[in-house]
């Protein structure tokens, strides 16, 4: 049917080749503009209609996600989501991906990813108080392992470089290794900011107001990066490779202080960061959200390099730039404020009635596009089909698996696997405490806790995703991701308020890729509804596939929870001897999609564990109640590696051992290393044991008193065998692997 | 009685230091680095962070800030001056304290808890500590390896200018960065200018995991009250 | 023979150099008439080679190995033969 | 006149240079015949001066200001006049 459509002029065809804009979208552009666009205008569309900026493949699916909740002050649609935490305070948070830039240049890619999400939080009027990150890498072993090691070092170094210098603590995160990330490492950064509810800012501008540009000068950095981020990393990208964007945390810090002071002194009515696609998206989106137009004068834009043309200026992704709309009469104060910090702060645009984005250079109009034409990209719903390989992996029968004769060596083997070993070598490179709010540091608990100065309150934060579950069952995997992130927040005493999701998937234009994206989002939506946790922000990163690998769908779910009383919190480590160890849930786990299968048999197969969301919600409520009633101070969820790994992890922080007994007759490997959700271990002393177990009975949850803490060994009594490991021996095998990657 | 907490572009522990001082009942002002006059302040803190991005060398560019001449003037007049982490680096770069702080031998920024022994409890910064008391304090730096040539090192030891030393205790702690003589903190000859790599302001509340830094602020408070 | 090589590894033109920017700001504040300050790394090393030509080749291949091709350029700033001591 | 100056700031002999060691380790791992690898900083800048002599003086005073005498030495590696682009 193509040929029946209006033919495309030859000049246009050249530009289409150059920009990679498909003919049908070009026709839509011409229709919306009522004429053929010039080259600059076409590039504006290329950027704004890129997946990264327009969500054209995901927006229809994202509508499935529940976005309302009692605590939600700002849902998806602004620079970050905002939830009320009481006493006049709120927190803003969002996750953002920087996968492709990090694959090209790990240090700067990760650093600018952190810088970018920080500015999203600032744009809401919030002071950033915590950073999290979720990282995915390929193989550590063999030849391919060399590149992985290089990437790990670079990415961790880049996150540390930016976060440490700008003075925001990195308090939680996750690192996961899987072969399918070999060509597409994932680097998602999350930031949480604190604000007074009455200082909530939006990306708005009112008629006639000047629009200010503040921060770093514009150079030829990451030209076309946003579009770049939406293309598969393939050989021919080498040519297209943009000038690497370099982050400057020093300037970023000054820009942050200037921005927060401007907001706190009420000098500005609208704030917007310049993220991906720089001037183009920040200004056109601000105009569109305000239902107005905007006239930009490029001659006023501070420039770092000479001879930059309008296209370069519009596409530049130079870092550390913000957009402000000053309150009437506050212009001079705003300029003075940034002068104090030694930063540019100049008017570059004017808000106009006519709903167009008009760009002037050298006194002439070089581009003029209707703002809604740019903002509302066409969306796509595509046909989907599950990959047959995944189907067959999932339907593999695991009941016939041999039971290892000797189970003792398996625990150290699991603890020294890249996905379960100690993360200390990673997070000790991050400043975890600047701001002096970190009440639970990485390694001490399943989620980080940040107290809110001036209140008795605190928030708990964690980001999670299990790629193996998601690979074998995208829908169930996504449900697990939210359930686990929320569980991690609950076991430290936090009540989940909302989440942000970083959806990392493959190519949506392939049936398998679109199936995984769609199933992931509907799984999230279902879990979201069942657990009563709404989404307030997020990010979508697609096309994460290379010539030989497609990443597993990776929904990185960042949950923020509230502790009404900072004192009512729990950590992960056994503290003293003689406490009872109670398991909420049952010892028996499943082998499907387990780390145990992978580590012991290099087998990735079967169904991920079943997930009863009703029981999950009850389980989380129960542990929060136990913590709130001072019945426990030590809790930890049972995740990858199963019961044995969870117990070992609890012995490490204070080197306090334990003895537990499991009476079940089921296959011992499933009892020790099988995985299942809705399981939490906690300790309680003799005096409170009865009250604790009564609470669990009343909430109708299965539970088991497994044993007691104490000694310098972890002992597990099974019906037919007894297993014993020295805590220090386990600890040293657990600490070694990543230390070798990050010396 | 007020304490000046200097804010260089890139400082990021200024508010934390202020918080710790205020909690100890000491009045403070955050003073921007271009301030040319510190008249009326009874002590000065150079906080941690990344002054000027720590570009070139940690603390290297801070010495050019206008306020530093004034800090030196107060130091010469015997006022207490404390440099924490980046502040310590700035004090050595500016020549207010001997030696220098080089890249950690592990070549990366390291944030963790260390053990330090209080070598002197007769200073305005340490009077409330027990002799040889061992403190649990956080470090967070990439350039904390104390270095000085032999004579300087000898002078430091003879003059009892080493105030804090990294120690190992029951398998914990140890020297985290390769500092000569396990040096974690020193004072000038007169004993009124202190530089230390660990962060006492991060160890003043149970919720932060340690209260061992509180003694420094209390000691200072006492000293200043006596003067006042 | 032993040679001494001095290798410079610097950011490509056009790539932002925050460090240079900060140093330039400070120097200007001290009224130095400077511009376009860039900060890079210098590597000094001794290397073994049969001839000047071979030494040059080795030095250049080392420079290539150490520079990050995405962001950096390298130059062999100096190469001189050292007389064997003893 | 405009001049281009190249300044090297390096650790004094005898001061442990872990970065140099690390690089040396990597290079030896790649079988390069290297020794005594040291890593320092190079600063490139343009400066305004009336004469070559004045330019040299300025460059050296900048180097002096930026180096830390406790553990570093500085050298003016190169200084050349740039012809004004009219």
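When the chains are written out, they are named A, B, C and D in that same order, and each has its own residue count from 1.
Just so we're on the same page, contacts are C-beta pairs under 8 Å (C-beta built on N, C-alpha and C of every residue); 3 or more make two chains touch, one makes a residue touch a chain.
Computed from a predicted structure; not experimentally measured.
Peer 1: Give the chain pair, either B-C or A-C, that is connected by more C-beta contacts.
Peer 2: It is A-C, judged by the count of C-beta pairs in contact.
Peer 1: When the C-alpha atoms of subunit A and subunit C are each averaged to a single point, how far apart are the two points in Å?
Peer 2: 39
Peer 1: What whole-Å value do you get for the distance between subunit A and subunit B if each is reduced to the mean of its CA atoms?
Peer 2: 36
Peer 1: Rounded to a whole Å, what is the gap between the Cα centroids of subunit C and subunit D?
Peer 2: One centre to the other, that is 9 Å.
Peer 1: For subunit B, which residues are shared contacts with two or more other chains?
Peer 2: 52-53, 55-56, 64, 106, in rising order.
Peer 1: Of all residues in subunit A, which are in touch with two or more distinct other chains?
Peer 2: 248, 250-251, 342
Peer 1: Which parts of subunit D, given as residue numbers and ranges, touch two or more other chains?
Peer 2: 41, 65-66
Peer 1: For this assembly, give the contact graph shape among line, ring, star, complete and other.
Peer 2: Graph shape here is other: it fits none of the named patterns.
Peer 1: Which stretch or stretches of subunit B touch subunit D in the complex?
Peer 2: 56-57, 60, 64, 92-93, 99-100, 102-107, 147-149, 178
Peer 1: Once bound in the complex, which stretches of subunit A touch subunit B?
Peer 2: On the subunit A side, the touching residues are 157, 160, 164-167, 248-251, 253-254, 340-342, 427-436, 438-439, 441, 451, 453, 566, 742-743.
Peer 1: Please name which positions on subunit B make contact with subunit A in the complex.
Peer 2: Per the touch definition, subunit B meets subunit A at residues 9-10, 12-13, 15-16, 19-20, 32, 48-50, 52-55, 106, 108-112, 138, 140, 199, 201-202, 204-205, 207-209.
Peer 1: Quick one: which bits of subunit C touch subunit B in the complex? Just the residue numbers, please.
Peer 2: For this pair, the touching residues of subunit C are 18-19, 22-23, 26, 29-30, 39.
Peer 1: In the complex, go through subunit A and note every residue touching subunit C.
Peer 2: Contacts found on subunit A: 104-105, 108, 216, 219-221, 241, 243-248, 250-251, 304-305, 318-319, 342.
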